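The two complexes that follow have chain A in common; it is paired with chain B in the first and with chain C in the second.
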Partner chain A sequence: MARQPRIASRRGLFVRFLLRRAVAAVALVFVVASGSLLLAQIAPGDYAAQLGGDPAVRAAERARLGLDRPAAEQYASWLRRSLTLDLGDSFQYRRPVRTLVGERAANTALLAAMALVLATAIGIPCGVVTGSRGGFLASVIRTASLVLLSVPPLITSLVLVTIAVRTGLAPIGGRMSASRLIVPALALALPLAATLERLQSQALRDALHRPNMIAALARGVPKSRVIWRHAWRLSLGPILAIYGVMIGSLFSGSFAVEIVTSWPGLGELMRQALMSRDTYLVAGCAAAGALFLAAGVLIADVLHAAIDPRIDTERTT
Partner chain B sequence: MIARQRIGLTFAAMLALLVAFAPWIAPYEPARQFSTHPFAPPMRPHVIDDEARLHAPFVYPLRLVDPLERGYVEDRTRVIPLRWLSGTLVRGADTEPWFPLGSDGLGRDVFSRVVLGARLSLGVALLAAVIALAIGALTGALAGYAGGWADSALMHLADLVLVLPGIYVVLALRGALPLVLTPRQVFTALVLVLGFVGWPAAARGVRGIFLIERRQEYAEAAKALGASPLRVIARHLLPASLGFLAVQASVLVPAFVMAEATLSYVGLGFAPPTPSWGAMLQDAGAARGGADAPWLLAPAGAIVLAVFSIHLASSGRDPLLWRDGES
Partner chain C sequence: MIALLSSFDYDGARQHRGISTPGANRLAACRLLRQRVGPTRKNPRKSDDGDRPSNWPVSSRVARACRARYVCPLFALILAAVSGCRSSELSTRQGAGGPVRGGALVASLRSEPRTFNRYIDNSAAADATAALTQAKLVRINRKTEELEPWLAERWTASPDGRTFTLTLRQGVTFSDGVPFTSADVLFSFAAAYDPKLQSNLGSALRVEGKPLQIAAPDPATIVITLPAPFTPGLRLLDNLPIIPKHQLDPALKAGTFADAWGVTNGPGHMAGLGPFVVSEYVPGQRVTLTRNTRYWRKDASGGALPYLDRVVFEIASGQDAEVQRLESGSIDLLTQADIRPQDYASLKRLRDRGALTLIDVGTGVDPNVLWFNLARTPPARAYLQKSEFRQAISYAVDRDAIVNSVYLGAAVPVYGPVTPGNRIWFSDAAPKYPHDPERARALFAAIGLTDRNGDGMLEDASGAPVRFSILTQGGNIRAQTATVVQEHLRQAGITVDVVALDFPSIAQRWQSRDYDSIYYGFQFSAMDPAMTLDYWLSSGSLHFWNPEQKTPATPWERRIDELMQQQIAAPTLDERRRLFAEVQKIFGENLPGIYFIAPKVSIATNPRVAGAEPALLDPKILWNPDTLNVTDGAAAPHR
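Let's turn to the complex of A and B:
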């Protein structure tokens, strides 16, 4: 019997692509969480060691938290419980890791989303300007973004905090409020905006040199209309591709920004957990970080595939 | 070579000289505390005094008038000439120090600490980049030359490390070591941890180049003449990927400078008395530190300068930065 060539529908391919990526994401989260838990366990010293005082108290605390059992046994029981999404309790907060990480992850997500919106709102229009014309404004923007590309979020946040404290324009620390988000979001957004500006500039320049754009200009379509209506849309593909990559730098950047501006997010929690050897909390934070990263990359891939039909969903893994 | 590439290379060369001659350029010991001068602002050198007479460069000594508010005034009645080549390049008097970039809360000279910190911060970044590139070139060469299952296994490994959330991996790896280490141990640990995280991109690129180059006639010819695989790789194929590795270095070194700063800032790198740029920034980030004494942000300026000069020097190489078409 001759084998029929299997022709899957595009929708079917897309669903399979999604499923495969989702499985890979779960695997990634699992690997990162296990890896960081094991690393935190083999690290010298444990949570009880720094309580100080009476050795008997420390021994009792170890027994209560299960730290006296062999590392492999602790890992096995964590693994069993994690199947039911129970990630253990934080030693120092005495609360379930899952709720603790959930609260902080929401703050980090808010910060990251805000920064992404700001970076897009600043970077894309600037990139269209520098990509489509020369002149004073364009060269000012280009210089600014070239410098900003060399400034890590750690430094933008330190400088912005300094400015905010000196001028009293925006609050740092204190009660959670919308205005407290300004400094961290801007600190995180500025380097990203510079990246977006550079890419948009290049993509638009490439798009403007395509034959159809030249033809449109030759037919007398106003240049501003060609740029903003047609060329800009053409240039979206490469920009969207970079969003997936940017999610990664967003989270490593937010780590520094959160600590400088004391924004109660995941990075701040991870640092506390590492410093106090709060092993399950370390694993929980790392898992949340990996989850964010995987979700970001997945969303970017899906968007990219949805916009550009040439993306091969079958072979991209 | 375009103009800004030249500017970048000049800056990079100056930084290299700074690192090489750091102990001679820094006016004071990094740990030396001038207890009479906490939080002194940067002191401007003068050549013309109040009576409009021309001098060799000198400074007016600072006098602490308000210890609570850290208020300083220049004592314009006295002139402290700068002493050149007296043990170090240039410095003030021993009792009346010159702080070109101000002093920190313990009265330590910020300039000296930034200069000596360059050795740690840039040293970590450079060595880590060398390690990352060495691992990357080795795995990439093996994968690209051998092909088959070795190739796919190595590249899957590279992909795995590449998709791991970098900062969390670095944190977890660093967290697995004791919290308190000597500066030398911290240096080694940071180099190894960053080198481990940075190799996959280099490996992927070198593999890609090897896949193409090993089919080229010169490589085939070398093989036909009986060259061993090792010789083909080392003498013919690796040189073909040197350009790529140079570009990769210009990406990795800035990233590692920033990583060292972040790790030290959060307390997982060099610890405070050690003058690394990240550890020094802790002072600027402390409560009202940077706001009251903005000169404590000097290490941030040093980081930006180092990163920017590397970016400039790699002009035209990094597509993200320089494919602008116009120079």
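Let's turn to the complex of A and C:
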């Protein structure tokens, strides 16, 4: 009888925690989108400036797009519409920003998800290997991790693209297919896998030195069972904590990788938007990126809280 | 008629190190054969991509199987001979069996299409799509520069050369089966001139700023009257794709024409008179065009055109991605076709292996130019306005050094906007400025710019150092060229600040006249100077150094205005050429724009592409899409 109210209270706390996170996510998206819009507006030149030499054509286009109004007025108008999730129309594509971003965001999300799965599948087992034993294999993995950590995803993608083009092992561009995902996903996943490997290795080493693990080994529990069943679970806390940050870096890194590998995601769309001063599209792409980041952090926090009951959802922000 | 080259669709760079003539390719094929027989026998494992037919993509299943099974020497020998011969035969002409029907041609598109409505968008994507899906009344043959009948099968001109009566081709239908009539021509002009649309096509279809008068006495006849004498006459019409009245008239009346034929509502619904119709658009990936079964043109033997079943534009983000795909064999050609110096070496290796065809097209006709702001200059630096200053700069810059260091030999020095690539209009009599530092110093001294404090740099009469900035596009060959110019001028005693910006920033600074000088490029859409009056006339909006003058600011600009007006009305080509040569001479003496080099244009295609007749003007390859074909025809399942 005495435990029931406590459980209800904990659930309530968790819901409040989720609500706080959701509000923070909305605020983040709003701030990032607004900042991007304002920065794109104050950058020299506007969309109409690129339309050739005829001043009448440029003036007509400015009037059509509302670019002849003061920046504050344009921003206020965008803000009013964005409250109803209308992010305006792209200047160059003459289509709603929401539709354009939605088409590309799905591809970016697919790429990011695949990269995350690959990074986890490669990084975690490798980290367990290097954290639990020495030897040649562990040395090779550690060296590879250090190399991958020191090389930015952009360079990794260039190398992978070159290999793919020279060998024909994977297509670059063309129709969407699983094989087309290989190069960009690997380019994003390999540095992340190296990060995970390093973290997992250290976390597992720490876990194996805890008294309960030493006791388990002393009781004769097989080492592999101690590592994979007990120590590994104990070591997951710091790994999950970093996942939120990793998802954020995944999206920022994916923009560059998408451009190099011709992946039709948000990266290329945002580049085009920036280069042509398509301000509403810039804001839309930035908002999508911020949304991904906020969602990633939220998912990581929820997972963390679910795995480790000691996480204080009341104070975590 | 002249377009500013946008920042992400042009690098202004080409490379030339060899000419892909049939003879040269035969020699290369023989060398290739010798090279391949040896190593293949000794170590089959080392056999490279050359062991497969050149039209197989590197990533194809068959190619991987061949690699995996260590192709036997005899097979390799046969394939090497086949691929070698292929490269020698297909650079500019068909294979022995004539054009092959069927199959798909895959071309890259450097940027996403914004719309398929060419009337409101002049981007490369819209231009390429219009070239394939629409047709014009007349066409300028990009190879011969001759005016050819197209939808208009013949025409007559009035004695004063201002009225043309065109007879339209009979039996032509749009891709949706609706007959083509003079009403469609009237509608196309109405759309182009619609004041609400402000179509770039309409601004090009004017003579002395006035629109053409169009009449349609019957469904098969069009009468066009020019508002003023204009010798190029019907050449103006090469810019205008004819669009279907039955489909777009409601949109024009409702004021929604700009939204018609968008990327989402266009595919599958656009009726056209071109060889293909847009059938699919996948955002970020591709545009697919399929054969227009009602296309009106026939080939020389009376067979239906086009030869191809499909053309696929694959969207590639930037030139690097395009070249990678060309190298891997996953695309056949680049829509914006010329290749950059830095890509040439790897493409040449593929050419030598028979996996690629490289064609030398000639000297480019769109050179980059350094121009000074002659509309507004700070009084303290009045020397920036002086023609002696610009002449001295032209002498001070070593063009050969730019050719060799920036363009790796793939360019020629030029001294004016008309390059030797423009065979009809180039005048060799225009002034030239070979590298001469002493002469440059003398010219600087003549306007009071000398080294007054012995630091090796020039100062003006007030003792202020001579200094100016060059705005240019960052991250490409223009910025590299500007850096070389900066160094040469430093040696001449002038400090130059190179400011690399993106295209919108440069455009904004130019439009607000807030700059010292700009180094940039313009794309000419026609060789004939009468079609680029906006550049030559002082009232022109693309008279970059001082646009839209109410009255000519200088005597030499007034003289150029007069000569150009005479030139466009002169009755004979010889007379027009004589007048334009004088224009080039005056331009060269006053140098409102300083030209350094013109790149040589090389074009690379997959050897399976046949029937290509590359030209110097865009679209360099796709200007004759109905006779393009692929040698393996329908036997290319991967495409």
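The criterion applied here is as follows: the second predicted complex is superposed on the first by the 308 of 317 C-alpha atoms of A that agree within 3 Å, B and C clash if a C-alpha of one lies under 4 Å from a C-alpha of the other, contacts with A are read in each partner's own complex, and residues count from 1 in each chain.
We take it that a contact is a pair of C-beta atoms (placed from the backbone, for glycine too) under 8 Å apart; a residue touches a chain by one contact, two chains touch by 3 or more.
Owing to the predicted nature of the structure, the values given are computational and were not obtained by experimental measurement.
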item	value
Partners on chain A (chain B, chain C) - clash or fit	clash
Chain B versus chain C as contact partner of A:60, first or second or both or neither	second
Chain B versus chain C as contact partner of A:165, first or second or both or neither	both
Which of chain B and chain C A:151 touches, first, second, both or neither	first
Which of chain B and chain C A:275 touches, first, second, both or neither	both
Contacts of A:93 with chain B and chain C, given as first, second, both or neither	second
Which superposed partner A:259 touches (first chain B, second chain C, both, neither)	both
Partner chain(s) touched by A:34 [first = chain B, second = chain C, both, neither]	neither
First, second, both or neither for A:104, with chain B first and chain C second	second
Chain A positions touched by chain B in one structure and by chain C in the second	43-45, 161, 165-166, 259-260, 271, 275
Residue numbers on chain C that touch chain A, as the complex places them	2-4, 6-8, 57-60, 63-64, 111-112, 114-115, 122, 198, 200, 203, 258-259, 262-264, 282-286, 314-318, 320-321, 324-325, 327-328, 330-331, 501-509, 511, 534, 540-542, 547-548
Of chain B, residues touching chain A in the complex	160, 163-169, 171-179, 254, 258, 261-262, 265-268, 278, 281, 284-285, 288, 290-291, 294, 297, 300, 303-304, 307-308, 311, 319-321, 323-326
Residue numbers on chain A that touch chain C, as the complex places them	43-47, 49-58, 60-61, 92-95, 100, 103-104, 107, 161, 164-176, 258-262, 264-265, 268-269, 271-272, 275-277
Touching residues (chain side chain A, partner chain B) in the complex	28, 31-32, 35-36, 39-40, 42-45, 134, 142, 146-147, 149-152, 154-155, 158-159, 161-162, 165-166, 195, 198-199, 201-202, 205, 248, 251-252, 255-256, 259-260, 267, 270-271, 274-275, 282, 285-286, 289-290, 292-294, 297
